[in-house]
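Look at the two complexes coming up: chain A is in both, with chain B in one and chain C in the other.
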Partner chain A sequence: MEDRHSAKQTCGGGVLFAIMFIVGLAGALVAGWWGFPQLLYSQNSQPIRFSHKVHAEAGGMECKQCHTYAASGQYVGLPSTEACGECHADETGGKSDSDKEIDKLVKTYVQPNKPIPWLTYQFQPDNVFFSHSAHTGFECVSCHPDVAKMDNPPVYYQDRLSTYSKQTMRMPGCERCHAELGVNNACYVCHK
Partner chain B sequence: MGVDRRAVIGLIAGGAVGTMFTPAIWKTTGSIALWSQNWGWIPRIPKGERKYAYTTSKLCPSGSGLKVLTVDGLPLTAAGNPAHPLSQGGVSALGLSECYLLYSPARVKKPLLKTGAQFKEISWDEALGLLADKLKAAGGKAAAISGDQNGTANEVISALLAKLGCADKFFLMPSEGQAAGRAWQLMGGHGLIGYDLANADTVLALGADLFESSGATMLNARSYSAQRSSLDKPAAKLVYVGSQRTTTAYASSKWVPCLPGREAAVALGLAALLIKGGASSDAPDFADFKAFVSAGYTPDKVEALTGIKAEVLEKLAKKLTEAKKPLVVAGSEFGQGAPGAAYMAALAVNILLKRINVPGGVYATPEFPKVVDGALSRTQMASADLVKYLSSVAAGKTPAPELLITYDANPAFGLPQAPAMAKALAGAGFKAAFASFMDETAAQADLVLPASLPMERYDDVVSPYGAPFAVYSLVKPLLKKPVHDTKAACDVILAAAAKAGLALGADSFEKLLKTKVAAVAKSGGFIAGKDASPSAALAGKDVAAFSGDPWKALMEGAAYVVASPVKQDGLTLGTKTLAAALKADGAKAEDGALALTCAYKTRSGSPAVGIPAQDLTAVRDTELAGTKTVATLNAATAKMFKLEAGESIKLTGPAGEISALVALSETVMTGVVAVPMGFGHTAFDDFSKNKGQNVLAVMTATEEPATGVNSWSGSKVKIAKI
Partner chain C sequence: MSEFKEFATKWGLVVDLDKCTGCGACMISCQVENNIAPVVEASNKLRSLNWMWIFEMTNGKAFPENDAAFLPRPCMQCGKPPCVSVCPVVATDKNEEGGIVSQIYPRCIGCRYCVGACPYHARYFNWFDPIWPEGMEKAITPHASTRPRGVVEKCTLCHHRWNYAKEKARQEGKDPSALPENAYVPACVEACPTGAMYFGDLKNPKHKVHELAKSPNAFRLLEKLGTNPQVYYVSAREWVRKQGDNQLPAKEKA
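After this line comes the complex of A and B, so read on.
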């Protein structure tokens, strides 16, 4: 009787172990894939709700009008406050959300000529030498999100530990592309 | 079926396995790795629009043109402007530091007024009012010291003193330009002195450290480089005569050891040999000169005076005779304090070699017109001797000024017999210091007026000493507004003068510079460039005169050049003056005294800016051991004084003493001790303060008979083990 009871207990214990294992596994997967990112990344929004869509489609502007190359071929990145002020020098006084956002830009940054603290999605550290001029054969959207079709800037997820944006391209991404295209992957190519 | 130990283990095991299939561990590890690269104290490179801006270095005495990398309009780093004739792409350590010094912790951020032993911040209005009151009250009992060696700022300050009735109390900080200018005047020369190294085929540097502290150093370096642009034989020979292996000595084909301060004897010895070989001159005093050098400066006598063996001197004379375009340049091994006789004797050799106003020789360059009424000319400024004035004040022979204005100058640190000079300065009634940094002079001032640095203000560079052509370039603000609450010193002086009823004819320095540029542009010169090289123009190439908007061209970093020398009439060899000045040349040195020389590098900064922070890491342990000064002697000298490497010694001069550690090196000749210059600050910031000792404290200024030039390059010290 004792042996039978013992076997029954063993069988029941195994089932319980399996169930608890699956519970633990599922819990960890949920926590790791859903909960962990919530914990690691803070969600931030841009200082101005800039609509690429309005500027690109309604305004007929091209990416390079604001994200220009310098004469040296070095990528300038973001436009200066003065560049924004060329079109948005005065407040609109309008009531729509867009007008209010333009007025915020003019009042807070353009008129006092303060730099706009844009959040850069793919900010690279100082020890990385990345030249956009060496990558002109690629479409912008090969690496960057296609913001030209977005009315609202994407949420900026910032890694609370490293302080980099979630979208920042990491070294494996660079290396993979270089390897696939047969481009030199030596350290000095990117780290000067 | 209760939860037992096995169930808990199952949960943990499941959780662990599950975690392995999520990004949690891998992502956290990666983020921690990146976090560890982001410490707050790691400097960040600013991101933004990168552009180049062009200006001229005001901190570097050689007046190099700068090509400044800016990020979103902020200066980030500087390089030499390839199109500027004094730079040709090169930049000195001082020019390079202009961007970084903007953010120096030693900067004076607000006007300061001394109350008791402390400073209190005051407004600019209060400061301006106080300065105007003091100007009115001082009247003719004011004095001013300028650290600017050539700019129009000196016209403003000297004109102000002229209005007060004391133009003779305007002084420049000592420099080679003044001593050489004074020597040239005494020989009957006109214009400013420059040396055309680019077109010379043999250059003999007598003490002058051509690539570090003497004259247009960057132009000299570029000329030297151009003459060695291929693997073929260099286009010019360079020989260095001096007591230590300076930067120029290292670059020379031969270093000839010679006691410091004895350059005149070498030049006169060479002159005697040249005359013996047939050299002559139309100078009215040639016969007297010939008799003077032939009797007093035979090779044997020169050997006794300088330590240069007779056969070496003869070889040097032969080199000069055989050369087609020889050039002799005299100076001090550390950019100041050489006797007037050294310049006169070297110029006399150049006259004998017929090397005045010819390609590859000595050029007399024209002064650009003055634009401020009552201002002194460069020649007049060179005649006033600050050391002589302060020595007289210290001795009680001359009354101390009731108002002392210092402009970009740090005389409390940068003069020979520094403690005595600082004491003389302290005796002034009211001291107003225009200073960018809290230096030793500002620290003892009553009113400190924070001066904008060159990258925050308009200014100009006018024919730095040594340039073989007249050259004018502008300094412009690269920042939209100064980093701190500072103002361009000349704007403040103009405003204070107007307030005191002494208006100088302009209400802003920028407007005054526009007037200056308009006047300069009428000199028939050209804008230097790729097809308009001043050196080529000196060599005879025709260059079209400039026509266009000069202000616009100069604001873009260009240099306006006049490559037409000043004609000389009545030039003498200066025999009488030389004979009087060198009367005591053969005097025996005091027993136990050792010749002292300084080792100067531009990376040690200057008295007015301290040691630039980024250059501190470049200071070698042969200059500074921790916070101790290192004095270098060769093995023979060390043996004479029974010294060994690493021992502590005391160097004593008439006005003070310093301590140092002994280092042994054959880069210094026997009988000489070399001490690094530029250390020993008691003010500024952590990068400059309390690092070594100020060698100028043990230097002895001696007024040279006949020339009236104070010199200290031949100082002697007593040395003792401690």
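After this line comes the complex of A and C, so read on.
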């Protein structure tokens, strides 16, 4: 009798243990894959809901029309407020969401001629040296996301601890391409 | 130690010690260019840090024969760098064309093996976070990444200036791997008021340093160690050349 009784108890303990293990595992996975990134990254949106799609498709504009090289060739810059103002000088007065967004741009930035605080997804840490002029042989979209097809700017995720952008190009991506093309992968090729 | 590569381009610095007045312009320009925090008390070796340092040399003789020289000491960019072979995390490496020994601060774990291994004392450890007095942080340049407490740093021969020179050459449609003389010079060379410092590709016959390094008056620091530095010194004075290899008087007599 005594033996059977104790055997039953062990069996029930095993089931309980298995349930607790699964619940714990699921909890840990949710915390690790969903909870922690929520804590670590702050979600920010662009100051203006800029549609690349409208400009590229309807406007027929090319990347280089707005994203021009800096004199040093180090980066392809964001357009100045004046450049936006060349087309968007006056308010539309329209009622649609897009018109309201254009009016916001004109009123807050173009007319007072203030720089637009765009969030740069590709922002790199300060110890990175990247030269666009060394990579002119490539299409923009071979490294950058194809924003020309995006109607809404994606959410900008910023690491709360390091302040780096989550969506920036990572070192393994640079290294892989350099290795495949037989370009030197020494540290100082890209770092300073 | 034959595992180190030989490069087609070897950036070399040649310092004419007979022209150097020890004014310190190279030290200051280096400090400004590479974001080295202002030194509060230079005699406090825990708190002071200089990629470029000037040593005073004398021949040790009494007045009429007394003679002095000043020796600016950057990182020697050794052909066989003792610091690289001791680094456990490959934070420092000699792997790029040009032969400049790299130092990656985020990768450095601060073990300081390289500081001990460097026979030239060219490496410095950040015992403290750098402090810029209020307002001076505006002078921080984008050329060099600032270093936190706990990592080692050293002269890079202003490697960023090479990057800028290559970039300029690309934009002008020239070959970035065949830069003309003076397209790339470190800040110290640019600042030297007496023109005592020369910089260029040691392997390019069109560059002045190519000849200067071969001069019979040229020598390198502690050459007998076999570190094979890319920094050369020139002096017509024999005692200066001898001190460069740390020849002891007893050894000379023997």
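One rule holds for everything that comes next: the second predicted complex is superposed on the first by the 161 of 192 C-alpha atoms of A that agree within 3 Å, B and C clash if a C-alpha of one lies under 4 Å from a C-alpha of the other, contacts with A are read in each partner's own complex, and residues count from 1 in each chain.
The rule we apply is simple: a residue touches a chain if its C-beta (ideal position, glycine included) is under 8 Å from a C-beta of that chain, and two chains touch if they have at least 3 such contacts.
Remember, predicted model here, so these are calculated numbers, not experimental data.
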| item | value |
| --- | --- |
| Which of chain B and chain C A:18 touches, first, second, both or neither | first |
| Touched partner set for A:126, first chain B, second chain C, both or neither | both |
| Touching partner for A:134 - first (chain B), second (chain C), both, neither | second |
| First (chain B), second (chain C), both or neither touched by A:191 | second |
| First (chain B), second (chain C), both or neither touched by A:29 | first |
| Per-residue touch tally on chain A - higher for chain B or for chain C | B |
| Doubly contacted residues of chain A, that is, touched by chain B and again by chain C | 72, 74, 125-127 |
| Touch list for chain A against partner chain C, complex | 72-74, 125-127, 129, 131, 133-134, 184, 186-189, 191-192 |
| Footprint of chain A on chain B - complex, ascending | 1, 3-4, 6-19, 21-24, 27-28, 30-35, 37-38, 44-45, 47-51, 72 |
| In the complex with chain A, residue positions of chain C that touch it | 93, 95-97, 100, 102, 104-107, 142-146, 156, 159-160, 163-164, 166-168, 170-171, 176 |
| Contact set on chain A toward chain B in their complex | 12-13, 15-29, 31-33, 36-37, 40, 70, 72, 74, 76-78, 80, 115, 120, 123, 125-127, 159, 161-164, 170 |
